[in-house]
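Pasting a structure below so you can have a look.
Letters A, B, C, D, E and F mark the chains as written, and numbering starts fresh at 1 in each.
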Amino acid sequence: MVQEARLMALDLGPEADLDADMRAYFAKCREKLGFVPNVLKAYAFDNAKLKAFIAMADDLMLGDSGLSKLEREMIAVAVSCVNHCHYCLTAHGAAVRQRATDPEMGELIAQNYRVAALPLRQKAMLDFAVRLTEAPDRIEEADRATLRRAGFSDRDIWDIAAIAAFYNMSNRLAAAADIKPNREYHYMVRERTAGVAPALVGAEGPASTRRAGEAASAAAANARGVMDLFGDGAVATWVL
Amino acid sequence: MVQEARLMALDLGPEADLDADMRAYFAKCREKLGFVPNVLKAYAFDNAKLKAFIAMADDLMLGDSGLSKLEREMIAVAVSCVNHCHYCLTAHGAAVRQRATDPEMGELIAQNYRVAALPLRQKAMLDFAVRLTEAPDRIEEADRATLRRAGFSDRDIWDIAAIAAFYNMSNRLAAAADIKPNREYHYMVRERTAGVAPALVGAEGPASTRRAGEAASAAAANARGVMDLFGDGAVATWVL
Amino acid sequence: MVQEARLMALDLGPEADLDADMRAYFAKCREKLGFVPNVLKAYAFDNAKLKAFIAMADDLMLGDSGLSKLEREMIAVAVSCVNHCHYCLTAHGAAVRQRATDPEMGELIAQNYRVAALPLRQKAMLDFAVRLTEAPDRIEEADRATLRRAGFSDRDIWDIAAIAAFYNMSNRLAAAADIKPNREYHYMVRERTAGVAPALVGAEGPASTRRAGEAASAAAANARGVMDLFGDGAVATWVL
Amino acid sequence: MVQEARLMALDLGPEADLDADMRAYFAKCREKLGFVPNVLKAYAFDNAKLKAFIAMADDLMLGDSGLSKLEREMIAVAVSCVNHCHYCLTAHGAAVRQRATDPEMGELIAQNYRVAALPLRQKAMLDFAVRLTEAPDRIEEADRATLRRAGFSDRDIWDIAAIAAFYNMSNRLAAAADIKPNREYHYMVRERTAGVAPALVGAEGPASTRRAGEAASAAAANARGVMDLFGDGAVATWVL
Amino acid sequence: MVQEARLMALDLGPEADLDADMRAYFAKCREKLGFVPNVLKAYAFDNAKLKAFIAMADDLMLGDSGLSKLEREMIAVAVSCVNHCHYCLTAHGAAVRQRATDPEMGELIAQNYRVAALPLRQKAMLDFAVRLTEAPDRIEEADRATLRRAGFSDRDIWDIAAIAAFYNMSNRLAAAADIKPNREYHYMVRERTAGVAPALVGAEGPASTRRAGEAASAAAANARGVMDLFGDGAVATWVL
Amino acid sequence: MVQEARLMALDLGPEADLDADMRAYFAKCREKLGFVPNVLKAYAFDNAKLKAFIAMADDLMLGDSGLSKLEREMIAVAVSCVNHCHYCLTAHGAAVRQRATDPEMGELIAQNYRVAALPLRQKAMLDFAVRLTEAPDRIEEADRATLRRAGFSDRDIWDIAAIAAFYNMSNRLAAAADIKPNREYHYMVRERTAGVAPALVGAEGPASTRRAGEAASAAAANARGVMDLFGDGAVATWVL
């Protein structure tokens, strides 16, 4: 097995005395997910840093948005593909597989989203996220206009940008510290599903259809016994 | 004047009802800095997002660290130079000029830190920050080892990485939304100083000397009547 | 499900009248692997082209060489990672998982081999393969010398180069024609193994240990019921 | 003279016992071309590898195709220009000069095909080949559509891709092993021709005109006493 | 203070015996500008080289042209931004601030001209200059056509190209020799102006308006007491 | 024939009234070289621009320098290879063939100097020129130190830089205006020489040997009746 036992390449000392919120958050992770994501363990040497990171990630990935949760994970994975981030591709690849209830989905986005048969909306969304990743200084009004034509509001554009930007941050932190993903991610949602996630088949369908499709997927996921810790507003987590 | 009047290229609606902390924070900015940094105004459409952003930025730029505050601003500027971020080069260029009490310093780092006569420590620090910006997937143990040889602890390496990563995020958000810097930044700390900041002259000096030098700089800055809102632990801000 | 039903984006007409060798080869694929790899179906419009492709691929991946079969697959995957080739990452990712009897191995190499704890030999091998992929015009004698120092003979260097070069070809053919990988690859060798492949743990071990390790892996693979069609010299195939 | 006497930078041992086909092939090269191309001599340490390479190259460059033989050589040269491959630019530069009966043609394509006054068809063909070389992961349906609009069938697109892909392979093998081109290539087809190759003048002409033009060129080549070993179906070679 | 006292990193010996023209030129610089630009001092080891450099620079930046002098400085700065040239960004940044009578202008172009609200004409001009800087081999007729549509004559296109090309030269000379800019540049035209330069507000205005605007700016500059040595045809200089 | 009849893609109007010096210069070109280089014809619309360009080019390529004239042409060609400049590769490729009295030399440097068996001195020289071309902002003291270790004086380093910088300018001007090289260049110095230029065989020989070798080459060139217009100090030209 190539992956090493240690959490990361930096020795940051022992875990800090976490406050009650953070302890509860870790407990919830263990209960719902079965483990605490290693990126959180990496941050645990400092309660304030951990808290700030979780606050931002939870807001972006689980807060109110015109983007579905699957779409947000797709952005995370497409950005991480450009940056070749082992941690994020592993953790968020699992999340895309889970959100889409499609084991092939995470692979496809993690390898090259351009060969996926995506709805125009999601194609435009990922094109923007990748362009922002590769050449932020080239973004011009035309790029925002393309997103608006694809049906995104200005508020949606902010969210696409904020999520793509966030993973440009976390990819780099994971790379610099060489944070290892929890091994469990590799094995999540790897079984072949009977059908096809409706959200993605109707590639040109309206957003309402897409949302419905994703809801159906989520139901299917639960039906299949896949862990689902995303519905809990209190201390929800993402499989970062 | 080329710069436009509007705050940014996205219409995110009116400012949210900010909570007491955020209102106090904005008030402090106006009092100490004379204005609220536009990136915060851009975030003000949503109290939770604003709060998460400030929490992370304040922790990184003003919290406890083995890096001096000038060094942290240097990282912000060197990363923003790679990404050609108008907002961050303007705001953090001002911050470097102020922290170094040297009007030429911000220009130099903002244009090309490689031609600056930096101490080896700071050269290694910026080399790592830029490499992490340009090619996060190429970071290997040898890169961390170079930082350790330059005198950085693992905890310092985390901070260098976290700050470089954070500006890779904020550069992209500023680019995507085309956030305009407050015009005041252009005019801050533009007068020629009599002497030379000791922190940077003794290029190979030990960290203690460097810190002392920076302290002297800060004193000089105050003596010269430059605004200084950085010493206030309660709701300190950075000129982000 | 994002992936489309059609084999590829080009309509090349019906399958050619394959000769006896090619028909036997396809039959062997179906018997041993359960399906004919789509890249071969893509080539099947022309018997001569199919035959030439198979002859070269079989020679490189299964013929006599100082490189183990796992190492050859690792080269295929590392090159395909640079080129973001969905087809090859999927098919050869499965092959690395199988050859290493380690489900995490394919992921790791497919995402970023630099964060894998590889033996120096394999690190040098993949560094060369990736450099040859990204900048063939920069190869100089120093690059060959590095491989020799890592224990490779000139004959081995030829093989590393020939395999890296071959996947630079097949990646581009798959990209141009948008050849879809067989869906089965996604689900192969996804179950967590009890132990750790010895070949990779003893990172600095001699080649003999490494080979032994790989042999043990292959035995384990068979024991676990994983399909193994690699031992058959007559019309052996690779999961291209 | 800068070029060294040795064939390449790798010592692969003596020439293998070549089988009758390969011996006949080498004899034909010596008879028609005056020498055995060095890339074949490089491969001659192993009869199977040599045979597989020749089979693929002959099929691509001399087999049935909607692309003229000149066009195939143009692809080889344009790809080799991106990869700065000394071997292929020298050998296939000679081939373009010969096929076009125009000594300036090889230079132009080898230096920068974008400044050549090419027919739209050939411009589209080389744009695709170069894009596939530089960024295979960016190929999308729009790229194939552009080729179709330029008059290419799906079968032609396969051939363009397969040839471009093949030279991405052989460029890298030549680079890795530093294979030296036969010195004779430098001196082939260097005399100024009286007229202008009709194939390229009628830049927008239909394919039939273009083919006729090229046939005329070939005739002119023979008339001028230029070696022509391309008309022999049995063991034809390309000046690889 | 980071910047070093020495002129550059190369020791080229003492200043040559300059001829009368060059001595007069240096005297004029001291009189009008207050100092001799360091790039000229760097060249002063050889009278012929100095003279050739000044002849070309003066012709391009001050000679007759369809481009305003501000526009020429904008090209210099946009090119220098791509090349991260400390010398040229400092000296020509000052020149843009002065020509535009707008202290924010130089910053904006030096950091990222794409976020400036430029007239279409100037946007097209800088797009071409930057493309020519980054990828000269990609220039095609379409690029020239875009400039013509933006209102430029072929003679103007030559000037845009010649100026962009010249700064690709001088950026590289400054980088190779590490020529330090005169410190005075940092402090020129740093005071906030009352109004807005009309040349740039009427972003879509006709060239005549633009020129008038620039004339007004120049007048304002003089009124504000900014040094102006550009009106003197005899031995005019640019703040290179 | 692909190359077009027109001089360039820009219509700059008729040739200017050239002054006596320029008329004499053109006459000398016609007498010695058989034609006026097209880059000079392109510049001839303006006497001052033509004169400035010739002054700089003649000084760099023919003036006093520690670099041999062959070495200067090698820099021109290596830089033009990076920029894929058809004009300069054709004209200066001919110059390298002529200066080295080796028809293979120009090809080799024009295609990829890294595969040439160059003396360390010339390898270091071209490495620096190419690095300065590709990434001027990355030049650091270590790059200059490498040149000094290879035997170059600071004055030589200036010349290497100035020549590399000059061709970064002229490559871009040729690209922007699409200046066509005179067709004659293609056919110059294409015949195989009997021997081998001693300058390049003794790859590690001292500078004195190298110079002697080049002198011998020049003698051989004259003996072979190759045009030589370089010995004339009055209005010498280069085959630009």
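Simple rule for what comes next: a residue touches a chain if its C-beta (ideal position, glycine included) is under 8 Å from a C-beta of that chain, and two chains touch if they have at least 3 such contacts.
This is a predicted model, so every value here is computed, not measured.
Participant: Within the chain touch network, how many edges lie on the shortest path between subunit D and subunit E?
Facilitator: Minimum number of steps from subunit D to subunit E: 1.
Participant: Please name the chain that ends up farthest from subunit B once chain centres are defined by their CA atoms averaged.
Facilitator: D
Participant: Since subunit C and subunit D are copies that touch, just let me know if over half of their interface numbering is common to both, same, or not, different.
Facilitator: Comparing the two copies, subunit C and subunit D contact each other through largely the same residue numbers, since over half are shared.
Participant: Going by the touch criterion at the top, tell me which pair is linked by more C-beta contacts: B-E or A-D.
Facilitator: Ranking B-E and A-D by C-beta contacts puts B-E first.
Participant: Using mean CA coordinates as chain centres, what's the subunit A-subunit C distance in Å?
Facilitator: 29
Participant: Between subunit B and subunit C, what distance separates the C-alpha centroids? Give it in angstrom.
Facilitator: Chain centroid spacing, subunit B to subunit C, equals 46 Å.
Participant: Provide the list of subunit C residues touching at least two other chains, using ranges where the numbers run on.
Facilitator: 84-85, 112, 137, 139, 175, 178
Participant: Can you tell me, using the touch rule above, whether these chains form a line, ring, star, complete graph or other shape?
Facilitator: The chain contacts form none of line, ring, star or complete graph.
Participant: Go ahead and list every pair of chains that touch.
Facilitator: Those chain pairs which touch are A-B, A-C, A-D, A-E, B-C, B-E, B-F, C-D, C-F, D-E, D-F, E-F.
Participant: Quick check: in the complex, which residue numbers of subunit C touch subunit A?
Facilitator: 1-4, 81, 84-86, 89-90, 102-105, 107-108, 110-112, 115-118, 175, 178, 183, 186-187, 190-193, 195-197, 200-201
Participant: Where on subunit A is subunit D touching in the complex?
Facilitator: It is residues 112, 114 of subunit A that touch subunit D.
Participant: Okay, in this complex, where on subunit D does subunit A touch?
Facilitator: 137-140
Participant: In the complex, go through subunit E and note every residue touching subunit F.
Facilitator: 9-13, 45, 48-49, 51-53, 55-56, 59, 63, 83-85, 128, 132-133, 136-137, 139, 141, 144, 154-155, 157-158, 160-162, 164-166, 168-173, 175-178
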